[in-house]
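Below: a set of structures, written as structure tokens.
The following pair of complexes shares a single chain, subunit A, combined with subunit B in the former and subunit C in the latter.
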Partner chain A sequence: MRREPPQTPGDYAPLLFPAAMLTIFFVVPFGTMIAVSFFQRQQGGFYTPAFVFDNYARFLSAFFGGVLGFSLMLAITVAICCVVLALPFTYMLTRMSRKVQVVWLVALLSILSLSEVIIGFAWSTLFSRTAGITNILVALGIMAEAKALTPSFGAVLTGMVYQAFPYTVLVLFPALVRLDPTLTEAARTLGASPLKAFFTVVVPALRNTITATLIMVFIFALGSYLLPQLLGRPQHWTLSVLITDQAIYQSNMPFAAAMAVFLVLVTLGLVALTVIAGRKGEAA
Partner chain B sequence: MITTSIKRRTLLGAGLAGASMLAMPSILRAQDKSLKVGVYGGYFKDSFDKNIFPEFTKATGIAIESIAEPTGEAWLVQLEQAARAGQAPADVSMMSQVAMLKGQATDLWTPIDTAKIKNASNLLDRFVNKYPDGRIAGIGAVSWYITLVTNTDVYKEAPTSWSAFWDPANADKLGLLALVSNSFLLEVTAKTFMGGTNALDTEEGLLKAFEKLAEVKPNVRLWYRDEAQFEQSLKSGEIPMGQYYHDVTGLAAADGHPVRSTFPKEGGIQDSGCWALSRASQKSEEAHIFIDYMCQPSIQATLSRKVGTSPTVKREVTDLTDKEFASVSSDIEPIIPRYDLYQTKSDWLNQKWTELIVG
Partner chain C sequence: MTSIFRRAYFFAIGLFLSLPLIVVAGVSVNQKQTLAFPPQGFSLSWYGEIFLNPEWRNALFASVTLAVLSAALAVAIALPLSWFLWRRIAPWANIFQLLGVAPFTLPPVITALGMLTFWATVGSYGQPWTAVVSHAIFFVTLPLVTLSLGFTSIDRSLVEAASTMGADERTIFRTVVLPLILPYIVSGYAFAFVLSLNEYIVAYMTVGFTVETLPIKIFNALRYGYTPTMASVTVLFVTTAAVIFGLVARFGDLPKLLGAMSTDGK
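So, the complex of A and B:
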């Protein structure tokens, strides 16, 4: 089919519905949130419309800076772990027979059907002292005594990587399937080992896909709110947890909104930086 | 072609009319006498649905639609937002004391007319929630205790004082509530080490309490928002000590789990919920009948027996035996939370508290 640029205003009609949906369900709520972030908090009550910077001023402190820094660091770590694990896995998956692929993909999709609550409770049981995996290690004689692996940073990271892994595979899968097999064949013919071919041919060829996947997992992980609570100590709580505390438990909507707006801005900034850096790298 | 499509449409129309005619009487009846009541979701709602609401409907002819509300202030936020739009997700709701004060600030609660509530005289004074100008904002619904709970397999002897939380021997063994406004640990600290909750009157006193409380941090394994998370760990012995609800712990012990609830010598924390009527509700009449019904000594006694709550009416008007009373309450003077602080200083307390546990 030949693609033609739209000729008349009528050609834009199919865009109306998605544009309306986007406006109603994204632009309007987000605008409301920005507006509320400038409202005056009424302690012991709710809020009154105003235009004050108090909520942003409260956020600009070493304490919240630390929490924001931790949230970003956690999300970046989750993104890197997921891509490092999923890239070789998906690459090998695309080399397998159709039947095996389907079984794996269905298994991964079924993980997506699990709620965050179930994932969190399952991992906290697996990491517990009384019923966890260390008991197996004790039975095998590898460990002397069962111990609790949660709450800890490792537990939070494991839970979040587990949750984001299927998404990562599903995003990488189409690009890897479309990857021209003759590229690696050529590398092999020229004497590269399979490992070398993977790192010098497959990875560079997929650079844009990998960047996009990193960004997607990063944003996905940044919103995580339940797993840090279930598997971590308070110092592992993300900004999302504190936003929820303010919005739900303190009924401080303006401050919660200000924190959320700040989080969105920092996220967009980081994504923009990544994209710009990627373009520069391409030009060089 | 045309005839069949008409036929089909006529059939559809007739079907719709028939269905709506069938549905109409029940809609009318529901609108006539019904009340939407918000109750804490889970155990509370299940117990009320089973033990209280059917009897109420039988006695008064008012149908109850019970609504599971989240604990904490989430429900207050929803009620407030809805009331601004003229909606009432529930007519009467069970609200925490802090939520009552916050709702008062925006006139969210319709004042209750005690002339219509003949059982109001049975209530203990502290269970009548008043606006600053004396109008009645809410009436005590249930009260409960948060006590010192332990796993009996891990702790053969029951601890006797809240100071057990500060014992270095309990490192990494405690499960405590995660919010300043629902754990009431400042009050516990003040009562245990500072001579009473009046020590929290000044900012200086509060800072001293925070300082003392900071010593507990190394002992805490879990700061929980979600009750299920702690209860499970307490039963399994994963987290063998903490603060939890007296009634729920008693039920778990009765089910054979190795847990116990202890009233420390400084007293258990007595928290309570009020029945409050949203200003957006059109069902003031039914709401008063409902609240009056709930204030009867016999209903409060039923709640103690079946739900495990402590009565909001004077003990002597109920027919609870000593044993029944002990299973829901205690004669040790309770620690009454300083709800006023969570309204007047809520942001400051919340900030200090978050820095204390997260920092």
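So, the complex of A and C:
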């Protein structure tokens, strides 16, 4: 049966339910959130319809600037760490037997699907004084006594890299599978060492993929809302944490909504960049 | 790359990925109510606790119910949509594909906050079913992407043959399309199910004050009193995810599924 344009209104019937669901429960909530971001906050956690820019004006404070700067810096650091770790890993994974690939992919998917709560709990245990890695170091005689490694910036970064690493591998995987193996073979035949072939042939060939992956992991890391809270101090809180905090604990919905709208704009801008990077990749 | 380097690198990554889980597994078998590692004594009672302690059992029940229903709803939204896009030429309908992928691409806090303001505005805030709808929308991306991939892999001449031999649209769907697309429905459902089981922020912002799902319960336990049950639940979750994805890999083509997922959806 060939694809054909819908002939009768009845042909649109299958579209009805999905379109209604997505419109009512995604477009409308999204619009509600944007509307609320312009609302006036009342004392006691309520808000009244209005059209004020107060919630956006609060962005102009030094505190907010600091949080935004920190969020961006943290997400960039996570993205770079993940891509640097995942690129050679994924490259080697795609050159392995199918069986080994499947085992690793199942493991990576299992970790990727883990709740942030669970990742946060696992790492806070690993970094704790009573059950942490420092106990192993003490047992080996490297450290004098066990100590807690959390809360700290290093703990937040480690937790977030742990969370984003499987995602990075899965984003890189399709591009690396399709990478022409004769490219590296040619380099090897011409006398390049495997390492040299990787850096002079594979990495440049994947330049656009790497850029796109960096941006996608950056967006992914920007969405982390619990790890900075569970593994860091308040100065390590990110925009996502702040939004949750304002919405739930400070009951300031309009301000939370305004921050969320801002976060959407940042994300959409980055998605547009990814698409442009992807287009260039196809053209090349 | 040389084989020794490769082995060492894979070992290091494997260690990094498994270390937290090893420690958590160790903590989960502590004899007393302590989060010590290496564990003091050995006991599986914290696994029993998940099912015997009414609080944890209710949380488990709430999470599983939520995941079963929301994944089913997500598939129910994704199946007709992806079928329509495969069957018809209607470029403007791609907007719904985009809408289906959007919640998953944006930071989760955004969807969560959108849902919170929405349910609060319509006055259903805190109703358990709102979490089902919210999760279904949040995770509709997964069945949508697997199903779109599944439809592109169907040979159109099969459908054409059935049509020439007189089968109507309904019969074709039931006897030709459905059997071919079934593996993709199952894997789409499985992905949505596992992620819904683990999801925290959307569930918390929609029904956090009325229903306690397992991730919410773990988070609350993190704040108000540690117990090794948190560790045993974690082990249970990791095992569940590994078993489900293992089954998807066993009965489907996982590398292909993932190979296309990233180009298609994300």
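In this section, the second predicted complex is superposed on the first by the 237 of 284 C-alpha atoms of A that agree within 3 Å, B and C clash if a C-alpha of one lies under 4 Å from a C-alpha of the other, contacts with A are read in each partner's own complex, and residues count from 1 in each chain.
Assume a contact is a pair of C-beta atoms (placed from the backbone, for glycine too) under 8 Å apart; a residue touches a chain by one contact, two chains touch by 3 or more.
Source: prediction; values computed, not measured.
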item: Touching partner for A:Leu195 - first (subunit B), second (subunit C), both, neither; value: second
item: Superposed model, subunit A: greater residue contact from subunit B or subunit C; value: C
item: Subunit B versus subunit C as contact partner of A:Ser128, first or second or both or neither; value: both
item: Partner chain in contact with A:Leu114 - subunit B first, subunit C second, else both or neither; value: second
item: Partner chain(s) touched by A:Phe63 [first = subunit B, second = subunit C, both, neither]; value: first
item: First (subunit B), second (subunit C), both or neither touched by A:Ala148; value: first
item: Partner chain in contact with A:Leu230 - subunit B first, subunit C second, else both or neither; value: both
item: First, second, both or neither for A:Val28, with subunit B first and subunit C second; value: second
item: Partner chain in contact with A:Ser251 - subunit B first, subunit C second, else both or neither; value: first
item: Footprint overlap on subunit A, where subunit B in one structure and subunit C in the other make contact; value: 121, 124, 128, 130-131, 230, 247-248, 253
item: Residue ranges of subunit A in contact with subunit C within the complex; value: 1-6, 11-12, 14-15, 17-19, 21-23, 25-30, 32-33, 36, 85, 88-89, 91-92, 98, 101-102, 105-111, 113-126, 128, 130-133, 135, 162, 165-166, 170-171, 173-175, 177, 194-195, 198, 216, 219, 222-223, 225-226, 230, 240, 243-244, 247-248, 253, 256-257, 260, 263-264, 267, 271
item: Touching residues (chain side subunit A, partner subunit B) in the complex; value: 41-46, 58, 63, 67, 121, 124, 128-131, 148, 151, 229-230, 234-235, 237, 242, 245-253
item: Contacting residues of subunit C [partner subunit A, same complex]; value: 1-2, 6, 9-10, 13, 16-17, 19-21, 23-24, 26-27, 34-38, 76-78, 80-81, 83-84, 86-90, 93, 96, 99-100, 102-103, 105-118, 120-121, 133-134, 136-137, 140, 156, 159-160, 162-163, 172, 194-195, 198-201, 204-205, 208, 215-216, 218-219, 222, 230-231, 234, 237-238, 241-242, 245-246, 249, 254-255, 258-263, 266
item: Footprint of subunit A on subunit B - complex, ascending; value: 70, 72-74, 76-77, 80, 101-102, 105-106, 178-179, 181-182, 221-223, 225-226, 229, 233, 236-238, 343-347, 350-351, 354-355, 357-359
